[in-house]
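Both complexes shown next keep chain A, but they swap its partner, so chain B is in the first and chain C is in the second.
Entry: the complex of A and B
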């Protein structure tokens, strides 16, 4: 499902918006909106689960966008977010500039980092692209760990208090949560819009057949560079949420662990689904907070959950929906063969499970 | 379209229901008011300081056993004490998650910990935002922690600059080192640790012939060893763990003839037990820190060591972490006993007054607090010696009493610290 057809009919415009994807989006959004009202300890749930889910999801979404629409797996998305976080810290705390220009400038710096990375990495693909982005992210990590004049080395820049932006006071945790939610939804909208735009169709074409698109006159590398820069911009939005969530920035933001966490979030949520990353982020945040209540070997538990998701839901947790649907559907066999978005393995498994059910 | 809609609606409802269940189920796991004292312990249980949790539990076990309790809790004057543990990986990120969970979700009255300096600086920042909770530090040692102005944060051990207390004078006056070259890891702990040494050494009249700040995990020291100027009297080694071991073995290979001065974690058992061939450079190394030499024999120390080794997962002898965690936790328990388990309100003022006024003789000497709620403690200078059987060990040179905190924090510096 790498390509999407733009809605053609103008008469049934409203109807065409009622898709499963949009319904999931609305339901998840409603849940996110009522989240602060239904949790009993907002001062714990909002920062540790809510806001964390949102920044992890936003950053992971930029990874998923590149993977799904451009066919490139970038391991530098956390680094772009971290660069933006560093920017906010450096401009607003070290330089003492006003907060709004600092944030805007930092978004620019994060995007610029994406652009520069693209210039270097865009001619490669598959594992080579992954290795180059990973290497560049590690270069930045090493630099951030040592550049005491800019990043304050290991100690990092702290404190970076949540500001009162004038029109909205982020000091209040509930307000900050909704601010983060707004940014996450905005990021999602940017990607959804881009995917359906001409530009989006072109990059999807490039993903499927770069040679053919090149023959048609498209400058493949330029399109990829633009897509990477856009993804870095969205990752930077995640970085803004992140830095005000943590109230500081230090090299652990851009460490290998942090990079891999984002990859895990993307895979658990569903590497092919823009919105699924928030489910992945939620599951990951829950594990980070509660896994050690059950076992001392909580890292192992997190790993097992990851392996379990990979084994049983190769399309990520968003792949769960179609699987459940098949379990209930009487026409499981036929729908498995005409199957839609998930991989053949998941479809086969769903079919098998259904067969077992029939025997009973 | 309709059937498609119907088919696709099912998973949506299922996901929504699951999410709803997860939310409601988990939020029920939250608080509940009790009249007990809940202490939340932060300690490292993964990463390169993964043994921190075991050492913390051993220390708390020794302390709680004295009042008839266990590592999970006990009772003071009829007030039950519950202790909950939260593991971290030594990074600021995990400490921030863990401390928020302890305070906001588990609803602890007192936070005890953390282990590493990176974590400590984060926890202090968080303490500033939660004045209703009292924080007692575990073993985090950055100087700035007790200078950040958090009235609810207490540290019952020295900072990493204080751990060098007396060593600069000793190196200059007793050992006669006039010029020292500095090699240290490039992060906050060695900044303060080396800053403590060199500020004293330079004030005594000493000079620095150069500083090499190396990334943590550096394994090749040959180019740095080659840079040591010929007119250097001694080399300061602000490295720890595997880095220190690598440096010592390469110093032997490269034929370094200069005597060494160790940072607090440079000449621990990891570095000394690694390779017997390092004897020619390691013997004679002087170092400072909160851990006394093996020949130290105060009665409080003997009692502590005897109790410590009975704890599950304890090392053959207490590490720096268990000593600091014990001194800190026992200070907290003594203050709780002082107020008979009544924390006082608002903001646990009785407990805080008792902590501030506390004076007791710990296994490593008398402990009291200064105006910044930072301990005034004894510090130990040790020297590496070779035992009769050829193994390397340490002997205590001196015990400096009443070492108090300075007023400045250190960053990476060139030459003498400013």
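Entry: the complex of A and C
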């Protein structure tokens, strides 16, 4: 995990940016940039793996942001994305409005959905919050699959063609991939910036000790609401990529399965790491596309991978790096091993304590 | 003839199924402070195995017992193998049981297929009884309502009156202290988890007797159980009873009043309760 020092002197600003985390980010970004040039069949790889990784990652990233910086596990992120997708379909196809205002309005609607959810759920914590967001997401699903005048019920809204925005023509798949990549990087930047801002420090303080922050004069619920709305906004950005990837919108976008897929992506990538979700998304997209070649039961396989990650690598795939490093350094020190599954948990607990110490 | 009493009775019998399922969830939550998202899986698993046993032996009671035991064993397995070590980490337990649910959904679809099946029950029970103000009403629905009421009272009495019940209540209030007095809390946890899952399995067989068993019901019954437990208050058996009756009746009335939005109205009930009383109707403030 990265070390987060809230204040850094201007002299060492550039040095402080050269961290292991940022190097990995740059490498992954470079790989993503050359991705369309190196794959053998762009018509298959770009939509099925590339763009899918980007929207799943963006939506899962909003979940991870809430979990890591606010301490709330929201299962409604896919729903916010789906609401935005529905917005794009409804405004641009059903109402026939121009595409750019439709997209902007839809982002607003998705964020508004997050705000309303926050109003209902923000007073609850941890497991309660998770259940309520799950239930609310199912309310929207049932509404979407029945409200024929708005969502066209189960048939959904189709076709939603990829538009020519004037300055960029999304009809070209390579252009669309770079457009999606730009939005994903933008989302990542928004979260990284927010986490370091005054606001980000306040919500992290609230996560660690709501009582203390409340005593300091912070309106805890208002901060949580704002963070949830921001996360819903980023999820909506993912929804924009999603709707133009599928060229339609239907209730399966916001079904329980879709919600769980996002959770799997977040957990496999690493529930504590903003960028790791894209690795999780990539693994998941690969599973979706290629698992069918050797098994019919790819959901069982997904479930097994999911449980395996939770049992043995709670920090996800991005947590593997530190674990491997620690294993080697531990071997060097002592020959005794505490069992593979104990190591990451202990590490996480230790990490938690460190963080608490920093905030003092 | 007025249809409202009929709808009310339909709602209560539906609530009976919800109660049996959600009482298991509320028991597990009340003692262990964890939520098992594999609860719907236990429900459908119990229902399917109950169907297999009842069809094979032509005996409804054997079907009920099979569903109960099978889901109980599944719960025990899940608890012992997967989540026992992480019991303090409620999020992780929720996520692991979610993984179990994903696998369970897929495997049950593979084994039992996508077609609807219904648990057979004796010919003698397939009769209607005359109820004043309503008219003919299927006897089996009344029997199931009675089973739920008896079960509810039994669980309540066990928890309120017996030694095991007092251990459970002590565990709810302060698990480490209970452990310090010499109670093997880990065994109690395992028993409660198995019993909670078994109740879900029983609910599966009961539900399969009244309505067809379908893939996807694991998800919907998990959600209904969650809504009942949130509305009623977590960890409270009377709360689960009130919650299931409310959810059952509201959903049946909604079906008549606004059929398209019945599901939405049921969840609206939850939102209203949360807005007024975040801890649920019978829940204690956290």
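Here is the rule we go by: the second predicted complex is superposed on the first by the 321 of 360 C-alpha atoms of A that agree within 3 Å, B and C clash if a C-alpha of one lies under 4 Å from a C-alpha of the other, contacts with A are read in each partner's own complex, and residues count from 1 in each chain.
The criterion applied here is as follows: contacts are C-beta pairs under 8 Å (C-beta built on N, C-alpha and C of every residue); 3 or more make two chains touch, one makes a residue touch a chain.
Just so we're clear, the structure is a prediction, and the values are computed from it rather than from any experiment.
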For this session: Tell me which partner A:154 touches in the superposition: chain B (first), chain C (second), both or neither.
Result: first
For this session: Identify the partner contact of A:207: answer first if only chain B is touched, second if only chain C is, both if each is, neither if none is.
Result: neither
Exercise. Once the shared chain is lined up, is A:146 touching chain B (first), chain C (second), both, or neither of them?
Worked result: both
For this session: Tell me which partner A:126 touches in the superposition: chain B (first), chain C (second), both or neither.
Result: second
Exercise. Regarding the shared-chain residue A:299, is it in contact with chain B (first), chain C (second), both, or neither?
Worked result: both
Exercise. Should A:35 be classified as contacting the first partner (chain B), the second (chain C), both, or neither?
Worked result: first
Exercise. Between chain B (first) and chain C (second), which does A:256 come into contact with in this model arrangement: first, second, both, or neither?
Worked result: second
Problem set entry | Comparison of chain B and chain C by chain A residues contacted | B
For this session: Using the touch definition from the top, say if A:162 reaches chain B (first), chain C (second), both or neither.
Result: neither
For this session: Take the contacts of chain A with chain B and those with chain C, and give the residues found in both.
Result: 142, 146, 296, 299
Exercise. Which positions of chain B touch chain A when the two form their complex?
Worked result: 1, 5, 7-12, 14-16, 19-20, 22-24, 26-31, 45-46, 86-87, 89, 91-93, 96-97, 100-101, 103-105, 118, 121-122, 125, 128, 186-188, 213, 215, 411-412
Seminar exercise, completed: In the complex, chain A touches chain C at residues 73, 120-121, 123-128, 130-132, 134-136, 138-139, 142-143, 146-147, 256, 260, 263-264, 267, 296-297, 299-300, 302-304, 306-307, 310-311, 314, 341
Exercise. So in the complex, which bits of chain A are touching chain B?
Worked result: 15, 18-20, 23-24, 27-28, 31, 35, 38-41, 43-45, 47-48, 52, 142, 145-146, 148, 152-156, 158-159, 246-248, 250, 252-253, 255, 257-258, 279, 286, 288-290, 292, 296, 298-299, 320-322, 324-325, 328-329
Exercise. How about chain C: which of its residues touch chain A in the complex?
Worked result: 33-35, 82, 85, 90-92, 94-96, 98-103, 105-107, 110, 219, 223, 226-227, 230, 234, 260-261, 263-264, 267-268, 270-271, 274-275, 278, 286
